[in-house]
Structure formats: structure tokens, C-alpha cells
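Note that chain A is present in both complexes that follow, paired respectively with chain B and with chain C.
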Partner chain A sequence: MNIKVLGPGCPKCKTTYNNVIEAVKQTGIDAEVIKIEDIEEMMKYNVLTTPVLMINEVAKIKGRVAEIKEIKELINANL
Partner chain B sequence: MFDWIQYFADWLIYRIFSIAQGSKLGDALNFFVYDTLKILILLFLITMVMGVVNSYFPVDRIRNFLSRNKLFGLEYLLASTFGAVTPFCSCSSVPLFIGFVKGGIPLGVTFAFLITSPLVNEVAIALFVGMFGLKATIIYVSSGILLGMIGGVVLGKLNLEKYLSPWVQGILTNAEKEGEFDEEKKNFAERLPEIFREATGIIKSVFWYILVGIGIGALMHGFIPTGFFEQYISKDNPFAVPIAVILGVPMYSNAAGVLPVIQVFVQKGIPIGTAIAFMMAVVGLSIPEATLLKKVMTWKLIGIFFTVVSFFIIISGYLFNIIL
Partner chain C sequence: METQTLVEEKCPTKTQGWINAGAILVDVREPEEVAIVDFDVPNIIHIPLSEFEESYKEIPMDKQIVTVCENGTRSLRAAGFLINHGYTKVFNMKHGMIRWLQRGFPAIGDTTVPEGSVSCCSH
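Now for the complex of A and B:
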């Protein structure tokens, strides 16, 4: 599984990233977690509000912090 | 509507803590308890209402709507209004800017959104209602939206595209109309938990700013004599507004931190227009914002943007002083 967190490094983006790491640890799956902070790179994904959480190249949560519980549900739904 | 909070504050400070009514400490503490409670309640109500609006009109949908439709000037009003409704996060301003440009939305309309977004937001509105009343709030919100609109029109007329960063100009030439926004099909009950979570998130993120702001405000309220500031910034000084704005532009604070202090300024004799112009300059323009925008524009464009917005903030400051 491929998980991406897009955000230019604001507190919300950092929280989301940490939540993703925690959720991956708790579910024990083998996932590649990438943090994208470069604006030009980010714009390729057509985002408007940050942070964005993407699973397997699909934006799942936009413009707000994703909770650990939510991320675990999303991970399980995409297994 | 808020009488019961005042009764509670009186009871808590004068009865339970038995601090003498009329003493400086008593007044300051009473003010702190009353203001904090009132503002947190208002903040919750307003973030919930804004959350509902946002849930049905997310920014993606607004962008796609503006991108697809020719609105004969009305797009400035719409962009500015939506800027007021969308919760502002400074780190979203750059992606938003690019997203709008990419959708083929004119630069002026994008600026209209960008100006109003930090200027009018849920936190500022809640604090405004609590501190200055409904009438002042309505004037503040409508003048904020008007300011974004006029600022956007003026900036749009200046043909500033050539001052965007080269990679943004590349996006501009490849701009294309956005498709229909495919909305999540959810009913109100399904949306509510998310709206509630968002609202409490916003309150959590500004909670300490509000507490510190009201704390400083309370101290000043209790210890600084009325009319104290007037000897420095009087209503008759014609340069008070521009000075306040020029001082405010480089500073950055969110509305939560700066408004409680401004309320005390006003109570102690500073004209409300001057105070509001100062607040708009502090929350609307700042050095951190300029450095963020540097990623998408040249310094020259940032300079023009800041100058135009400051100019209109100064004008609305004068207007506030006349109307209120």
C-alpha cells in the first residue's frame, strides 16, 4: 500500500503525518508512507486545501487532520 | 442574551473567591471570566454554522463553479464571499492560489479570495459579535467582503500575470476549465460528526490565543485608566489610521490573539475604525504570508498586492470611524 501526506509543513500536516505513522504501526501492515512538502510537486495532485491524505494515489481526506481511527479504517478498506 | 454569564462571573469572583467588587483585581478577573465564556460559546456556534456551509460548499466546488461560469463581474463578489466563509489556514493559501490559477480563474478573482480569506473568518466573527455587538460585526464582515472585491478588481486591472513566478506562469498558460464537482452524497446527520470535529478542532487551535488575549485584555481593562491611549492616538489625529495600518502589516497574529487586546483599546478611547484597521492589517497581511507567497509570485507582485490591500484597509478604517 502506498500512503501520501501532502502539505507544506504546517502543524496540521505534521499531525496528519504522525497519525498515519501511528495508524500504520497499529495495523501492522506493510505500507510506504511518503510526505510531500514541495508545492510544485503537490500541485500535480490538484490539491486546494492541505493537508491531503492519499491512499494508493486517491485523495481520501482533504483540508483537515485525519484521525488515527479514521486512517486505520481507510487502510483496512483498501487492503 | 449573555446576562447569565455576567451573573455567573459576578457570583464566581465576588462571592466564591470573595474579591471585592470595584477593586482592580476583581474587575480584571470578572472581565476575564465573562469574556472567555461568552466568546467560547459564540465561537462554537459560529464555527458550527460555518462548518455546515462549508460541508455543502467545499472550496473545490467553488473553484470549479468559478472556473466554469462566466459571471460578468459577479465572480469577484462570489470569490470574496467564499473567502470569508472558508476557514483560513495560512499554509493552504499557496495551494489555493495555484488551484484557482490552474482552473483558469482570472488573477483578480483569485486575489479577491486571497484577500478576504484571512480578513474575515469564523474566529474573528465570533470575537467581534462578543466584543463589539452585532451592528459592528455586520459592518466589519460586509466591509471585509467589499474590500476583497474592490482589491481584486483593482489588482485584476493591473495585468500582473507577468510578475508571477515562472512555473506559475507555465500553469497559467495550460489552465483549463474544471469539470463538475462530484459531491459526496451524505445527509445532514452523516455530515454532522465531521462538522462537529472540525469546529472543536478550530476552537482547540485558537483556545490558548484567546485565553492569553483576553488575559492581557483583562489586565489592561482593570489597570489602565479610561482615555489613557487617547493622549497618543486621538480621534482628531488624521494620520492615526494609516499609522495603525503600517504598524500592523508586518505583524502577524490570528484574530483570536489580537482582538481581545483591541477591544480594550477601544474601551480606553481609541476610535473603533482605527482599531479595526489595525486588526485587519495584522490578520490580513504579514511577513510570514509574504514569504509563503514568494513561492508563487515575485517580490514586486507581493509589494503591489500588499500596497493595494493596505490602501483599502486604511480607507475602510476611516469609513468605520465615520459610520460607527
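Now for the complex of A and C:
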């Protein structure tokens, strides 16, 4: 599974990224977690509000912190 | 500062000529920000970034578009989004409302000049 957190590195982005790491740990799945802060890269994904949580190249949560519980649900829904 | 090549950027001083030539400012700040201070220009559209994906089609494709926000960061992403959706006459105004006020350009509301460095078009 490929999980991306896109955002310029603000506190909300960092919190979301840390929540993803914790959710992956708790679910025990094999996942590649990538943080994207480069503006040119973000624009390829048409990112507007940040942070953005993407799973397997699909934006799941935009413009707010993603909570551990909902990330785990999204992970399980994408297995 | 953001380094990218997709979107052309101009500072508020260089943007004035485009505004006088009829360019449309697209302000992506949220309503509560606009309520405090707004750009006093002839042609402006307010589309908050949080609604941009649903509402960007209100923006004409045949006019020169200048995306703006508070410091030029959110408007840069909006400009990239427009270019990726077929708009060709778009540039982002660097440094946003902060520099606009520092330069004393026309604004409506609380025009208190925020702190911060000033140099821009010295070259």
C-alpha cells in the first residue's frame, strides 16, 4: 500500500504524517509512507487545501488533520 | 521561498500594470480574512481555497488572471490548479496581501501594515 501526505510542512501536515505512521504500526500492514512538501510535486496532484492524505494515489482526506482511527479505517478499506 | 516552474509569479508592484490593463484578481483567502481587509481593485473574484475545486469554473478562461492570497502560498497552488485545468493566462502574485499593504496599494478595511522585510523589485 502507498500512502502519501501532501502539504508544505505546517503543524497540521506533521500531525497527519505522524498519525499515518501510528495507524500503519497499529494495523501491522506493509505500507510505503511518503511525505510530499515540494510545491511542484504538490501541484501535480492539484493540491489546494492542505494537508492531503492519499492512499494508492487517491485523495481521501483534504484540508484537515487525518485522525488515527479514520486512517486505520481507510487502510482496512483499501486492503 | 517556494521553488517551482509551473506558475509564473510577479510581485505586487509589477502586478499593478496588469490590473490597470484589466486583469482579474482571484482572491483565494477565506471569507473571514476578506472581511478584515480586501484588495481595492476594479476586477476581483473571491473564491476561498476551501471551495476552489467546486467553483473555479466561475473564472473566465479568456482573461488575464492573477491569483492572490495573504502571502502568496495558497494562491500559488490555486494558480497551479488552474493551469492544470486548461487556463493559460494565469500568474501568481508573490507575497500576497502582506506585501500589497506594505507597498501602500489600494485596500479596503484594516490596512495596518504587517511587519516583515520590504525589498522586492530592487533588481
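Basically, the second predicted complex is superposed on the first by the 79 of 79 C-alpha atoms of A that agree within 3 Å, B and C clash if a C-alpha of one lies under 4 Å from a C-alpha of the other, contacts with A are read in each partner's own complex, and residues count from 1 in each chain.
Here, a residue touches a chain if its C-beta (ideal position, glycine included) is under 8 Å from a C-beta of that chain, and two chains touch if they have at least 3 such contacts.
Note that the structure is predicted; figures quoted are calculated from it, not measured.
With both structures lined up on chain A, is it a clash or a fit for chain B and chain C?
By the criteria stated at the top, chain C and chain B clash after superposition.
Give the label of whichever partner, chain B or chain C, reaches more residues of chain A.
B
Just checking: does A:8 make contact with chain B only, chain C only, both, or neither of them? Give me first, second, both or neither.
both
Is A:65 contacted by the first partner chain B, the second partner chain C, both or neither?
first
Counting only touches as set out at the top, which of chain B and chain C does A:46 meet: first, second, both, neither?
Both partners, chain B and chain C.
Pick out the shared contact residues on chain A: the ones touching chain B in one complex and chain C in the other.
8, 39-40, 42-43, 46-50, 63.
Would you pull the chain B residues touching chain A in the complex into a rising list?
Touch list, chain B to chain A: 58-60, 63, 89-92, 94-96, 98-99, 102, 167, 171, 197-198, 201, 205, 292, 295-296.
State the interface residues of chain A toward chain C in the complex, per the touch definition above.
Per the touch definition, chain A meets chain C at residues 8, 39-40, 42-44, 46-50, 63.
If we count contacts the way the header does, which residues on chain A are in touch with chain B in the complex?
Residue list for chain A touching chain B: 7-13, 39-40, 42-43, 46-50, 62-65, 67.
For a test of understanding, state which residues of chain C touch chain A in their complex under the given definition.
So the residues of chain C touching chain A come out as 2-7, 49-50, 52-53, 73-74, 76-78, 80-81, 84-85.
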